[in-house]
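Next come two complexes built around subunit A: one with subunit B, the other with subunit C.
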Partner chain A sequence: MLRLEVRPQPSKAWGLASPLLALVITVVIGVCLFAALGKDPVRGLQVFFWEPIKSPYALSELMVKATPLLIIALGLAVCFRSNVWNIGAEGQYILGAIFAAGVALTADKSTGPWIVPAVLAAGVLGGLLWAGITALLRDRFNANEILVSLMLVYVAVQVLNYLVYGPWKDPMGYNFPQTKTFERVTQIPRLMDGSRVNIGLLMALGGVVAVWLFLFRTRAGYAQIVGGLAPAAARYAGFSSRRALWTALLISGGAAGLAGALEVAGPIGQLTPYVPAGYGFAAIIVAFVGRLHPVGIVFSAILMSMFYIGGELAQSRLGLPKSITGVFQGLLLFALLACDTLIAYRLVWKK
Partner chain B sequence: MTPPTSPHRLQLAGITKRYPGVVANNGVSLTVQPGEIHAVLGENGAGKSTLMKIIYGAVKPDEGSVLFNGRPVHIRNPQEARALGISMVFQHFSLFDTLTVAENVWLGLDKSLSLAEVTASITAKAAEYGLDVDPARPVHTLSVGEMQRVEIIRALLTSPQLLILDEPTSVLTPQAVDKLFVVLRQLAAEGCSILYISHKLHEIRALCTACTVLRGGQVTGVCDPRQESNASLSRLMIGAEPPALTPRPSRAGAPVLEVAGLSLASEDPFGTALERIALTVRAGEVVGIAGVSGNGQGELLMALSGEDRRAPAGSVRVAGQDVARLGPGRRRALGLHFVPEERLGRGAVPTMSLAHNLLLSRRDAVGPLGWLRVGALKRQAADIIARYQVKANGPDAAAKSLSGGNLQKFIVGREIEAKPHLLIVSQPTWGVDVGAAAQIRGEILALRDAGCAVLVVSEELEELFEISDRLHVIAKGRLSPSLDRAEASIERIGEWMSGLWDDASANHKKKETAHAAA
Partner chain C sequence: MEPTALLIAATLNAGTVLAIAALGLLINEKAGIVNLGAEGMMLCAALAGFATVVHTGSTLLGFVAGMAAGAALSAIFGVLVIWLNTNQYATGLALSLFGAGFSAFAGTRFVQEKLPEQVVHAIPVLADIPFLGNALFRHHPMVYACVALTLGLIWFLYRTRAGLVLRSVGESPESAHALGYPVRRIRLMAVMAGGALCGLAGAYVSTVYTPLWVEGMIAGKGWIALALTTFATWRPARVLLGAYLFGGVTMLQFHLQGIGVNLPSQLLTMLPYLATVVVLVLISRNPTWIRVNMPGSIGKPFYPGS
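And now, the complex of A and B:
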């Protein structure tokens, strides 16, 4: 019978290499998958790993998709390190987009550029409130935060649909379920002409530094981590578990809301039922593949963004369904969990 | 089946068991005669428990042979061990709290018997050996000593030829220990062999007729403990004699910790509620709290440390200030530092470095806005490692990479270096080797001499007698009046450990007043 036996001293080097190994395994399985579908595996790999970086424009699109993933995953890293399982970043992202759109829709020809910070602040607020519901229910009634945050995603989708099919529908929009296109002034400033990359990317990179400093250089961040690793030690130290819960959920909710605002007032420019693109769920994988470390998350966000773009390209270039993106995301997480398990345990054959 | 010459009851030869990274038993041989009470002596981590689990079939040895009554046996699991006539009473009981005594015993037995039959045989066995147990009582209403009796009766019902007892007296009052010894001697006289695992030298010398000493997984001596002294046994066990501590009189100052009318229901449904605890600790004295574990020590310590903030207002005062409702951080700011019983997971975060573990209770390296000065943190950890002779791979070593004793030295050092006004220590030397224990006790006394108020909660009476100036006893959530060390004796404290101090202290008072009148 095969059994898992705890390794006395798990290898540190393999612990760091595990995400890379997982990527290699994902690629190998991907090659087999392409072959099984009758596609040229080399061409398939090219679509996923070369096309997204082959030109400055492709690179900028890679960054456009990586930005929301990075921002959401940074918040989730704080959350997961605190042992708070916010699975509903997608819902907080949607609420962020809705709140941001609400502010953006008030703009008219005479509105000044102050509207951009207001749009972003509204997005953060929307994410905070949505995550705050989860925190409140967990804090007051000890409701399971995994279920509550996940279920709230579906509520958020219904709120979004109600608004775009109802009160916020563009009267000039030929009855399409979408708001009017936001005024130009609400557009998140772009970094350069000819590319959709905006200041969101800078905010995300600033977030990397901020989260690193918070987690590893402040007592408050230390308290979050201790609460996640050893609740009894946190209690002994006097770190409040309620405070840790609220901090974790509000940081991750606010981050997801910000990502929603950047997206709706950035590349999309209006509120549509297609705002939820699964970034909130993909960011969970990004956070784990990045080892819940802010710097690691930069790389995993770029990788996940490649999968998004590769999936879209595979549709047009290879005639594969777009869901191939989801398959790759799942493969990567699965391979990572398998690698981590085998680093901590060894497989033994015993009768 | 029995060979003509009287065989050894149990003979182990060359038993070796390797775990990843450690050899738990290395070529261990051990021979037990019928009707012998055989001690297995060794420090924590010497390999005693592994050896017993091998005999009981819970662990398979890598090498070596086991002969039972002269026949080679390969015991694959505890059921087979019991079928052969080997029973074991573990240190941690495996009883279900919500079931009755009889139901618990029934669970481990052949199902062909009815519950009524089992109840009858429990009563019979209990009467035979003077083990007082009511089969109809639910287990959660039993004291720890009573639970142990249930475990022993359960073992005896299988009519064992070899009974293994793992540290049986760690949960007993001195009087209960004497009772247990009577039972064990009766069993031995009937021909049952007993393997008695312990690190308490005086018990082994009082009870056992043979002794095998383990150190670092190897046998370091086989002797007759009745012919040995504590010093000679401890030389075999640790390779050195424990350094002696010379008690010095204390000069107690103003009260630092004042507890009055502290009553508190337990958070745990099977925990112990505290009842009107009253206690004072003055600057420059060590107050000890004795008691069998599970009598409210954990609950009291949580209420004192601030981890439990439900204590009635005004019931806990530190330096005159009401702290009953304050959290651990606020109490620490008043100079209260606490060393909890559990080191990994409560006193330290297992996967974090020693340097980072300082931050649980220390703020020296925390700057404005909660900024951490990592360099200062590491220097501080390195200082403690050097000063308390902690065997660790530097300040970056993870807490879980240290042995229990070394981590304890680090945690005690962390709290003592904070220069507390009041230090509360739970089980200061539990699982710590003799040399480190002496060092920790010495540090506690030095802190006392520097004017700190110290409260020590321990199950080791010898330790409390060694370092305390005054002693209390906790039993069933109530705290006894205090006794000066000079007035206290093992017998008296032992009686009080069963909760019987009201009559005793009343008598004592009467005598004193009579004395004064005369």
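And now, the complex of A and C:
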């Protein structure tokens, strides 16, 4: 019978190989799924893995989608490493978008370009506040952060709906539930003509460096990691678990809020009920597949962005529902968790 | 009078959905396993149940399909966390994300489908009592079955040997293992029983409670059910009462609108989620209260011989 045996040391090699094996497993299941649905599997693979990278324009769209995923997942990596289970990044993202929209809507013809930093700062503030509620309730009342942060996602969606169906609805918008289009001056500056990539990408890459430095080169980051791995050791070392909780939630909330601001004042350009696109949930998978390591997360964010674009193409080219993206996202995380077993255990054959 | 009777009836109906799912999760947690995949299982089961009723016309078969879907998905979860020692939170989350994606994907062609006309349920004689008849005796049999399930679970957990073994596995798997009980197999059975009940709740939603299929139609009920087990401090009777309480909060929004309270509908839709947060805060603020009642090894992996 096949049995698992504990390795004396966790395997470094499997730590890197496991996400790749998980991707292979997901692709194999995907191919079977395409075949079962009577679609050409080669065409399916093309749509997911070739079309999104085949031209400079496609690549730039890939980056547009990868940016919010990357920013949110970086924050979540700090959170999960601290063993704080914030799964409500989607709600923090929505609040970031709402706060950013609130500032963007004040702009008029005479507003100067200072509005862009103000929009982004408002977004961060929105995310901070929303994650701060979870932190406060956990810290003061010991309320489970998984459930609280998730419930706040549903609340955030309703706050968004209230605003776009109510006070913020564009009076000239033919009664559509959306705000007026933001003034041009609030538009997040683009990096080049002819593509929608904006400075959000640079901020995301800056975030990669910042999170790497924080986690691996500062005392505070070290305290987060130790607190997550061995709470008793952290206590003994005098690292405050309350401080770690607040740090983790505020970093991830602020990051998610920033992503929301970049999205609403960037590619979207107005507040609509379609702002929540599931990035907050997908980023959880991005963080895990990227090994909770800033550099790994860059690759997993690009992969997840491919899933998003592939899903849209699968809808238009192959006539499959766009939600196929969600199927692959879930499968990838399942496969990764199963493969991760090989890091701490090895398979042995025993009678 | 009559609006109040209807509010009570709607409350019991809404509470039944939450109670069935939460009782299933309670079985899991009594065995030491937290399954955050409830929402995903309920979504897939809702679709499985709905599709079955569309094809066969039998609500009963729909329930069976929902339970089978829930049990099958929870079996995958169970094998991962019990045999491969994966993190319970992450794996449950994977199940919720996968369930949401898969049900949306597989359910696209059922969005326009309609179910056969609902049978009117009324208990003879009792249903004609003024007020009480409308409030209590015109329900789908599942509402009564749910009360029976609660009583049955109390009897099973606290009055049978099997229930004692199940609880011992959740309190101290090492001791149960040392006594020769197959801890992992018992945990898997508990996980699958919980999955089947979540599935039943999901199928009830899509075939009886709101007989239709739309993407994401469970709308957080799985997560609220998870919160309910904590709220109830892992006692079946309190799970049932808590579920009715939450059902009442859910239904209050329609009642308030009915009597002309002029609040934005979004604020009312928020109520059950806000109530969940408030209730979690109230119940969790006393750590000993939680610690005394919580299964000792909840959320902790057990691997014999390690």
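Of note:
The working rule: the second predicted complex is superposed on the first by the 334 of 351 C-alpha atoms of A that agree within 3 Å, B and C clash if a C-alpha of one lies under 4 Å from a C-alpha of the other, contacts with A are read in each partner's own complex, and residues count from 1 in each chain.
Here, a contact is a pair of C-beta atoms (placed from the backbone, for glycine too) under 8 Å apart; a residue touches a chain by one contact, two chains touch by 3 or more.
All values derive from a computational prediction rather than experimental measurement.
Looking at the superposed arrangement, the partner reaching more residues of subunit A, out of subunit B and subunit C, is C. Of the two partner chains, subunit C is the only one touched by A:Tyr154; subunit B is not.
When the two complexes are overlaid on their common chain A, residue A:Tyr93 makes contact with neither subunit B nor subunit C. In the superposed pair of complexes, A:Gly330 makes contact with subunit C only, with no contact to subunit B. Once the two complexes are laid over each other on the shared chain, residue contacts for A:Ile146 go to subunit C alone; subunit B is not touched. By the touch criterion stated above, A:Ile285 is placed in contact with subunit C alone, subunit B being left untouched. When the shared chain is aligned, subunit C comes close enough to touch A:Asp340, but subunit B does not.
With both structures placed on the common chain, the touch criterion links A:Ala220 to subunit B but leaves subunit C unconnected. By the touch criterion stated above, A:Ala237 is placed in contact with subunit B alone, subunit C being left untouched. Once both structures are placed on chain A, subunit A residues 6 are touched by subunit B and, in the other complex, by subunit C.
Considering their complex, residues 6-9, 216-220, 222, 225-226, 229-230, 232-233, 235-238, 240 of subunit A touch subunit B.
For subunit C in complex with subunit A, the touching residues are 36, 40, 76, 80, 83-87, 89-91, 93-95, 97-102, 104-105, 108, 215, 219-220, 223-224, 226-227, 230, 264, 266-267, 269-270, 273-274, 276-277, 280-281, 284-285, 287, 290, 303, 306.
For subunit B in complex with subunit A, the residues that touch the partner chain are 19-21, 305-307, 327-330, 332, 338, 340, 342, 345-352, 356, 359-361, 363, 366, 369-372, 374.
For subunit A in complex with subunit C, the touching residues are 4, 6, 85, 87, 137, 140-144, 146-148, 150-152, 154-155, 158-159, 161-162, 165-166, 281, 284-285, 288, 320-321, 323-331, 333-334, 337-338, 340-341, 344-345.
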